[in-house]
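Read from first to last, the chains carry the letters A, B, C and D; within each, the first residue is number 1.
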Amino acid sequence: MSSEDTLIHSDDPRHPANLICTLCKQFFYNNWCTGTGGGISIKDPETSHYYLAPSGVQKEQMRPEDLFVMDAQTLDYLRAPKLYKPSACTPLFVACYQKKDAGAIIHTHSQNAVVCSLIFGDEFRIANIEQIKAIPSGKVDPVTMKPIALSFFDTLRIPIIENMAHEDELIDDLHKTFIDYPNTCAVIVRRHGIFVWGPAIDKAKIFNEAIDYLMELAIKMHKLGIPPDCGIGEEKKHLAGP
Amino acid sequence: MSSEDTLIHSDDPRHPANLICTLCKQFFYNNWCTGTGGGISIKDPETSHYYLAPSGVQKEQMRPEDLFVMDAQTLDYLRAPKLYKPSACTPLFVACYQKKDAGAIIHTHSQNAVVCSLIFGDEFRIANIEQIKAIPSGKVDPVTMKPIALSFFDTLRIPIIENMAHEDELIDDLHKTFIDYPNTCAVIVRRHGIFVWGPAIDKAKIFNEAIDYLMELAIKMHKLGIPPDCGIGEEKKHLAGP
Amino acid sequence: MSSEDTLIHSDDPRHPANLICTLCKQFFYNNWCTGTGGGISIKDPETSHYYLAPSGVQKEQMRPEDLFVMDAQTLDYLRAPKLYKPSACTPLFVACYQKKDAGAIIHTHSQNAVVCSLIFGDEFRIANIEQIKAIPSGKVDPVTMKPIALSFFDTLRIPIIENMAHEDELIDDLHKTFIDYPNTCAVIVRRHGIFVWGPAIDKAKIFNEAIDYLMELAIKMHKLGIPPDCGIGEEKKHLAGP
Amino acid sequence: MSSEDTLIHSDDPRHPANLICTLCKQFFYNNWCTGTGGGISIKDPETSHYYLAPSGVQKEQMRPEDLFVMDAQTLDYLRAPKLYKPSACTPLFVACYQKKDAGAIIHTHSQNAVVCSLIFGDEFRIANIEQIKAIPSGKVDPVTMKPIALSFFDTLRIPIIENMAHEDELIDDLHKTFIDYPNTCAVIVRRHGIFVWGPAIDKAKIFNEAIDYLMELAIKMHKLGIPPDCGIGEEKKHLAGP
């Protein structure tokens, strides 16, 4: 086995190369990554290498051999499959690693994200829903030093940035959201999809699932006439007839 | 194998530790437990121990090793996985065991439950639908002593309680529903989800599926302008144009 | 193996006992038979025995051991599992075998059927959709003696009967539809579900899938303001504005 | 093994006979080919033979033995299963091979295609959505000679033709779209479904997934009151109130 191959071959289903393939398949069947849309990257907790799904591959068919591996310091490719090009998302993933201390980033073309980007202006907002508690507030408990989640009574706010012709052109607006929304773990790209990150792949996956659930619910609330961030007990005032 | 492990390791797929894992996976792919939401508990019919899914675990990946086991008398943990915290639902599950003689409790973040909690006031109501017959009336046949199901012409009523910041704060309102709705096998928590119980896990699962089906149908009826509890033959009067 | 067991045990996946289990699982995950709703029966082409799914069993977990087998002449049970009761649909299935020369009958609690029964009056109607061609017209080609399918320009009509407290009470109205709609291969039961039959299980399954597709489409057309049986080119006249 | 069988039996999952079966199953569970609707054909890159799914077979149960194989020059069948008839789509598939240099054609009864054909007139249009970039513009880079994809700011246009009683009657209108829309990789058939082709099966599959995603999104936009081809930033003007 060449040294390149040792980077991606492992019997451990939790190895980043295996996890990316498993999750791409799961996301494909969740309709988040059809038509080769979307992408995913995981930082190996041991080596700190960035594992990256390539561009243009059918997500449900991805194999470890298809992945790129990048050195976290030099940003050189330690491994590049001959058949594929790096994902155009790569600079955005690197920005999340470097500026947000991410351990993994998930990018989907979720229709819930696209529809929310049509309904909402510069910010997705939903409040007073139990599932919000799956999302981190960005604050840390001063005693335990553990991250504090949003509470049921909080409002989840996710910035929405405008899409560009090429994904790497999103980098400036992404950096701007890091300043304007220092606590966010996600950015919606209008008419495009969503980027979600976390300190490790398990967390990123949980955040992505919870946010997609909340975006789906927000669309349903909008259709019922209920503002997704309306106060508890205000629903009936807004409820569209009959 | 330590005595702790004998509590959770069995070749029998019907063993509570195996069933919880199987059902959590099934519920995850039904979109009831994404983002680590929801939970489940089964009372072992032989030992009466309570088996409990932990907090914060991805439901489709749950393993028997992840489960808590509680003594039904002392409420002490006979087994507690080091990595996880008990679910915040635990006191609610215990209340269902103790006050409702439940054999299993299912808690989901079903979007149908959340949307119904926005449409309905203090009570979910649907009438004259065949699937209602899957739900127990709470009455018992005086001859056979078997539970009597609701009939097609009955109205299913499920109480809706308000959500709180922490799940254990729901306990008072849960107890109140036990008094106000002595025959209910479910409680909807507004903007949160639903709790469904039954005398055994098979029954709880069937009740949960039937109630989710009925909540989904009630939302569709509401959108068509038809009150979900309207009389047979009254639909066309309510049917929203065109 | 007792003679009872030889009725239900076969290595052939096309044996009725195996097919019923496979299809119940498939239908469960299609949301047609959750909460133990629905049922299925297949006539063994070789022995003419009727194979029947029992009442109250979780459809995705059904095993050959759970099935009833009935003699087609005497209507006596050749095999009856001790744990279960016969399905309340049994008399309706037998009526389809005897009066419609059915080879299999599928009964689901499809939400599309229930919603269509709320939108439509005494008859479900849809016209000018390609998928209609999967449904038999009831006529036979006088030369080849093969059944003739509906054409694209035909209107599919399915009778809708009222639900009763008990399924066996549906028998009179079912017989009436056999007279009023001699060519139909399906009957919708209002606020309940649908019965679909065919000369063999493959045909019944295809008819059921095609009808469910057409009911789903009819609901979407209704919501857009387009009558599901409107003429080709008339759609835009009806299309509800934004 | 007879020479006929060598045409369809291979251990390679990428062999056209195996791929057709795998994809038919995947498409069935995506609700694109239920009730035996739809079809698929792949040109073997090595022999140029056309592999064709037959008429009337349940798509999730298709086996290599069920397939037709056609000589690309003579259009004679090199292999024809005794039990089945050729698909009525065959002349349309052959037209795509001959006139569009297709390597594979996918035909589905996608409800998104049917609903779009009811909402739109002679042309499906959507603009300014990231997923559009999965669709080829029909132009070729003059330097690399590689196909150029649509850009985010482009409008995807897919012609809609009227359905006929028999699929082979669609051939004239299909040829007409080849002239009027020389760059399209798809044609929607009103009240019927969609045909999508590409230079190879992987591409055809990706185009089909991306187009279905875009049709689904267009329907959602229409329901929100937003024209699917409206300009960026114009959404809020159109957004139907609650």
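Here is the rule we use: a contact is a pair of C-beta atoms (placed from the backbone, for glycine too) under 8 Å apart; a residue touches a chain by one contact, two chains touch by 3 or more.
For clarity, every value in this text was computed on a predicted model and none was experimentally measured.
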**Message:** Rotating chain A so that its CA atoms sit on those of chain D: what angle is that, to a multiple of 5 degrees?
**Reply:** 90
**Message:** Report the chain whose CA-based centre is farthest from the CA-based centre of chain B.
**Reply:** D
**Request:** Check the residue numbers that chain C and chain D use where they touch, and answer same if over half are used by both copies, otherwise different.
**Result:** different
**Message:** I'd like to verify one number: the distance from the centre of chain B to the centre of chain C, where each centre is the average of its C-alpha atoms, in whole angstrom.
**Reply:** 30
**Asked** When the C-alpha atoms of chain A and chain C are each averaged to a single point, how far apart are the two points in Å?
**Response** 43
**Request:** For chain C, write out the residues touching at least two other chains, lowest number first.
**Result:** none
**Asked** Chain adjacency by touch: line, ring, star, complete or other shape?
**Response** ring
**Item:** Which pairs of chains touch, using the document's own definition
**Value:** A-B, A-D, B-C, C-D
**Message:** Under the stated contact criterion, what part of chain C meets chain B in this complex?
**Reply:** 31, 34-37, 58, 109, 111, 114-115, 118-119, 121, 162-165, 189-193, 222, 225, 238, 240
**Asked** So in the complex, which bits of chain C are touching chain D?
**Response** 128-131, 134, 151-153, 202, 205-207, 209-210, 212-213, 216-217, 220-221, 224, 226, 232, 235-236, 239, 242
